[in-house]
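Below you'll find the structures, each written out as structure tokens.
The two complexes that follow have chain A in common; it is paired with chain B in the first and with chain C in the second.
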Partner chain A sequence: MPADTQQKPVDRRWQRIIQTMLRHNNQSDALIETLHTVQETYGYLDPAVLAAVADRLGIPPARVFGVATFYNHFSLKPKGDHTLVICTGTACHVRGNDQILAWVKEQYHLTPGQTSADNRLSLVEARCVGACALAPVILCDGVLTGKKGYKETTAIIEEWLGHAS
Partner chain B sequence: MPREKIDRITAEHRWFLDQFNYHILVCAGLGCPGNDDILRALGQTVRNRQLTDEVLIRKVGCMGLCSAGPLVLIRPGDLMYQKVQPEDAEEIIASLGKKPVERLLLSPDLAFFTRQHKNVLRLSGRIDPESLPDYLVAGGYQALLQALFAMQPTDILRCIQESGLRGRGGAGYPTGLKWSTVARAQGSPKYLICNADEGDPGAFMDRSLLESTPYAILEGMTVAAYAVGASEGFIYVRAEYPLAVQRLKRAIRDAEQNNLLGHSICGSNLNFRVQIRLGAGAFVCGEETALIRSIEGRRGLPRPRPPYPAEKGLRGRPTLINNVETYANIPSVITNGPEWWARLGTDKSRGTKVFALTGTIRNTGLIEVPMGMPLREIVYDIGGGLPGGHALKAVQTGGPSGGCIPAALLDTPVTYESLNELGSIMGSGGMIVIDDSASMVDIVTYFMAFCRDESCGKCTPCRVGTAQIHNLLTKFQNRKATMADLEMLEWLCDLVRNTSLCGLGQSAPNPVLSALRFFRQEFLDCILTDQNHEEVRP
Partner chain C sequence: MTTPILTLTIDGKEVSGLAGETILQVARENGFFIPTLCWLDGLTSAGSCRLCMVEIKGSAALHPACITLIQEGMAVTTSSERLLRYRRAIIELLFSERNHVCAVCVVNGHCELQTLAQQLGIDHISFPGLYPDLPVDASHPRFVIDHNRCILCTRCVRVCGEIEGAHTWDVKNRGVRSQIVADFDTPWGDSTTCTGCGKCVHVCPTGALFEKGKSVAEMFKKPLGLPYLKAIRDLGV
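The block that comes next holds the complex of A and B.
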């Protein structure tokens, strides 16, 4: 077996990931569960960590990369300090969230999936967060706001970014 | 005996609950944001007034009427308060046993509540979703005990078959038939999967059930495991539903600790354990073969059927896959009997169905009605009609795989068959009310963009077809389409529908075809003709 221990990230966070894999007996079908833990711990899927995961689960790195890019939930890039999630489910679309999306694009020059240059804000488009009765829905760092019109919603985002540090 | 243990827990908890003169139930679902603050304020007020021996404050699941949330229910008396804020706590506590707080009171005669028939949602918003004793006091796990100690697996299969229950995930395949196939299939171990990958945007029935009554789903799964002989179960749930995942985890842990999951459940010879698998944001994983691959830790690519998962599913073994709502229906079918259950609904579509009522409508929220109820009653009686003087244009059902029912056909009863006839589908139960200000061309373009993005890319018709259909629709949106484009659109829709590998591609053209059927004029209006050119001239 090749000596690859030098490349492995050895810290506490990596220990958490090892535990997830151990819970599934290091079986290859633990891959998605493991990637969830990686994203939770590191905030994104770090290439070095992905390589280490592939090695430990005994699967080709290409398959790990394939799975990591197939699912929308996984991000290969680090997120900004704050995350704005805009729901684009049908109910939110009908209630005008596309206008909010356009506003964010104009105001902060961000399209979904991008992070601002100063690493302050990441914009994420959610397929549906399941709070359709509160449409249109946005989440500012995980805090849900709904049932507000265009003006109110944009004001909430501005205030949140003004206050958030 | 474990059965006695259950009876003891139930009796003790009932005694505990009965000590209090008042129960204040606060909705703690995702649909009522800010409920933490309300719970805290109510708790503080009760402590300040030294009423802790009299008043019990509890967090419960979804009460249904999300548009009036956050909701608080006072028992006894079933007084429901709407749009409660933490500042209202003093007034609510002071009013206990006196005149209710009129300004917050929601009339109990509201058609939203009286016209519904709650079966799956019976306990939703009435019990603490994180308390097993609560579920037991409400009659929970009686179905499992009855199944384990008074019925053989074949009795259960017969019971489910006689009830006529059909899968609540969308396609409406007879549940009893599916169970029998898995029970007969050769191979071991057998697996059981609960499909909680509610990807359809605009639908949140499964989220609400998982958040409100997780034990009922586990109970339904355990009964199913006994009936088909499965030893291992998986709940595949979306990562976008963190609260549901958290409550499920807790429910599984509690059930394991009380011998309601795990080895020799309740002293019987049934061994069944359940694990959670998190989805990662791929709509195609709602398709059963893609979902199975995803549980195996791979990309969620569907494969051709047959063989069906009932014969060759997870790890090549017989696998039973049902939707969350289907499992949630099982306990009541067992305890009340198939005849009771079959009396609800219509002949071919029996029982009740949960719908997520959203869009331009007054009462948005979660409802449960007997199958066969006309759409008009759902929209105007339960939903309270459209706000702000808008007129109804269409009701969209089935999400990106479904279609639109125009206002003229609003008397259609909601059944699997009648919706199919109109080119839509029941789907998992999303119902989006569209008003006259919306453009159908815009809405179908939105759905097609969704399908294009979510196509897994395995088969060409879906991967290329959805992108091309979307391109054509954008031409319509920009009013640059021609008659040839319309022909091409219809031809492509037909092609994608008939040649795609899985349900995603096969149903992706549905919204377009349905809109072309009922709102063709809107598409024709977007076509560039010589006449249009003349109209543009001053």
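The block that comes next holds the complex of A and C.
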């Protein structure tokens, strides 16, 4: 094992992560829940923390990495101060979120997965957030907006980013 | 307790097998050919490529033979116009997803994907190709992984985890962005889990995994005798 994976993160946040793993007796089925705790406490899945989790739960690194990259909820890079999630599931796509995505690209020069250079905004693309009846759905810092047309949606995003601090 | 023997028909012929056997096993034992790609004797079945689909009387859906267990009185059809159409479509889609330029491939002439395409009479791809720009990782001293030729069958993942016990490989991302990954997206040569055994290279059905120093058509994959390796591993010797 290389030195960097042996260096255990030692701070409060790591304590919380240890607690999550302990609740599951450090069994491998604790992985997803542990990743949630890492995401919550660090805001993203820090590579050194991932390595320590894999080590402690006895799960092969590649497996941990596979799970971490499968779910949209987890991110491997620190996120910006604000997160805009645009749903591009089938329902939201046909109801116009493809245009919203294009507008964000034009306006903020961001494609899904990117964070603006000033670290202010992260753009995330979700493949169905499970609220298809409200399509097209966007989430501004976790707050859901749905059933709005192009003009309204873009205005909501602008207003949110204008006021968000 | 003895395992019950079940009787069924495959393409109209009466055959029998042990309860717990898959349609694929019983078909092979009786000389029927069902095409497969992700399945490999000695590894757990992934049931992911869908090439081994068969028809079962009384069911409108198609069933993957490699993971469907036989049942008493089952009537299985292994080849029909419909099955052939689906199998061709699957192979064509695999070709269209990545960059399979057989003429310059290390396994040209002995590639499972190419052979299946020939058997199914595929001479052109009717789907537009995605031609993704994918990396080639040549950081390992002896082996190379070329993602452009990977069909995501996960044989490498399973042989490395189940037989070698290293579990160097897994799949990252999902959907069309899925890709085989070593450790934490680590260059293969820097992997801390890989033992360099070469098993993944030899189970890979395409030219995605190969030995360094091989040029066009020079890479031959060796059968590894996986059921045997698995048996001795299970015995702990």
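Convention: the second predicted complex is superposed on the first by the 154 of 165 C-alpha atoms of A that agree within 3 Å, B and C clash if a C-alpha of one lies under 4 Å from a C-alpha of the other, contacts with A are read in each partner's own complex, and residues count from 1 in each chain.
We take it that a residue touches a chain if its C-beta (ideal position, glycine included) is under 8 Å from a C-beta of that chain, and two chains touch if they have at least 3 such contacts.
Just so we're clear, the structure is a prediction, and the values are computed from it rather than from any experiment.
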First, second, both or neither for A:Ala135, with chain B first and chain C second: first
First (chain B), second (chain C), both or neither touched by A:Pro60: second
Partner chain in contact with A:Phe70 - chain B first, chain C second, else both or neither: both
Which of chain B and chain C A:Ser122 touches, first, second, both or neither: neither
Contacts of A:Glu33 with chain B and chain C, given as first, second, both or neither: first
Which of chain B and chain C A:Asn97 touches, first, second, both or neither: neither
Contact residues common to both interfaces of chain A (with chain B and with chain C): 63, 66, 70, 127
Touching residues on chain A, where the partner in the complex is chain B: 27-33, 35-36, 63, 66-67, 70-74, 88-95, 126-135, 143-147
Complex contacts: residues of chain A adjacent to chain C: 1-2, 5, 47, 50-51, 60-66, 69-70, 127
Residues of chain C touching chain A in the complex: 157, 161, 166-175, 181-186, 190, 192-193
Footprint of chain A on chain B - complex, ascending: 30-31, 33, 66-67, 198-204, 207-208, 238-241, 277-283, 294-300, 356-360, 364-366, 396, 399-400, 430, 432, 434, 438, 443, 446-447, 450, 454, 456
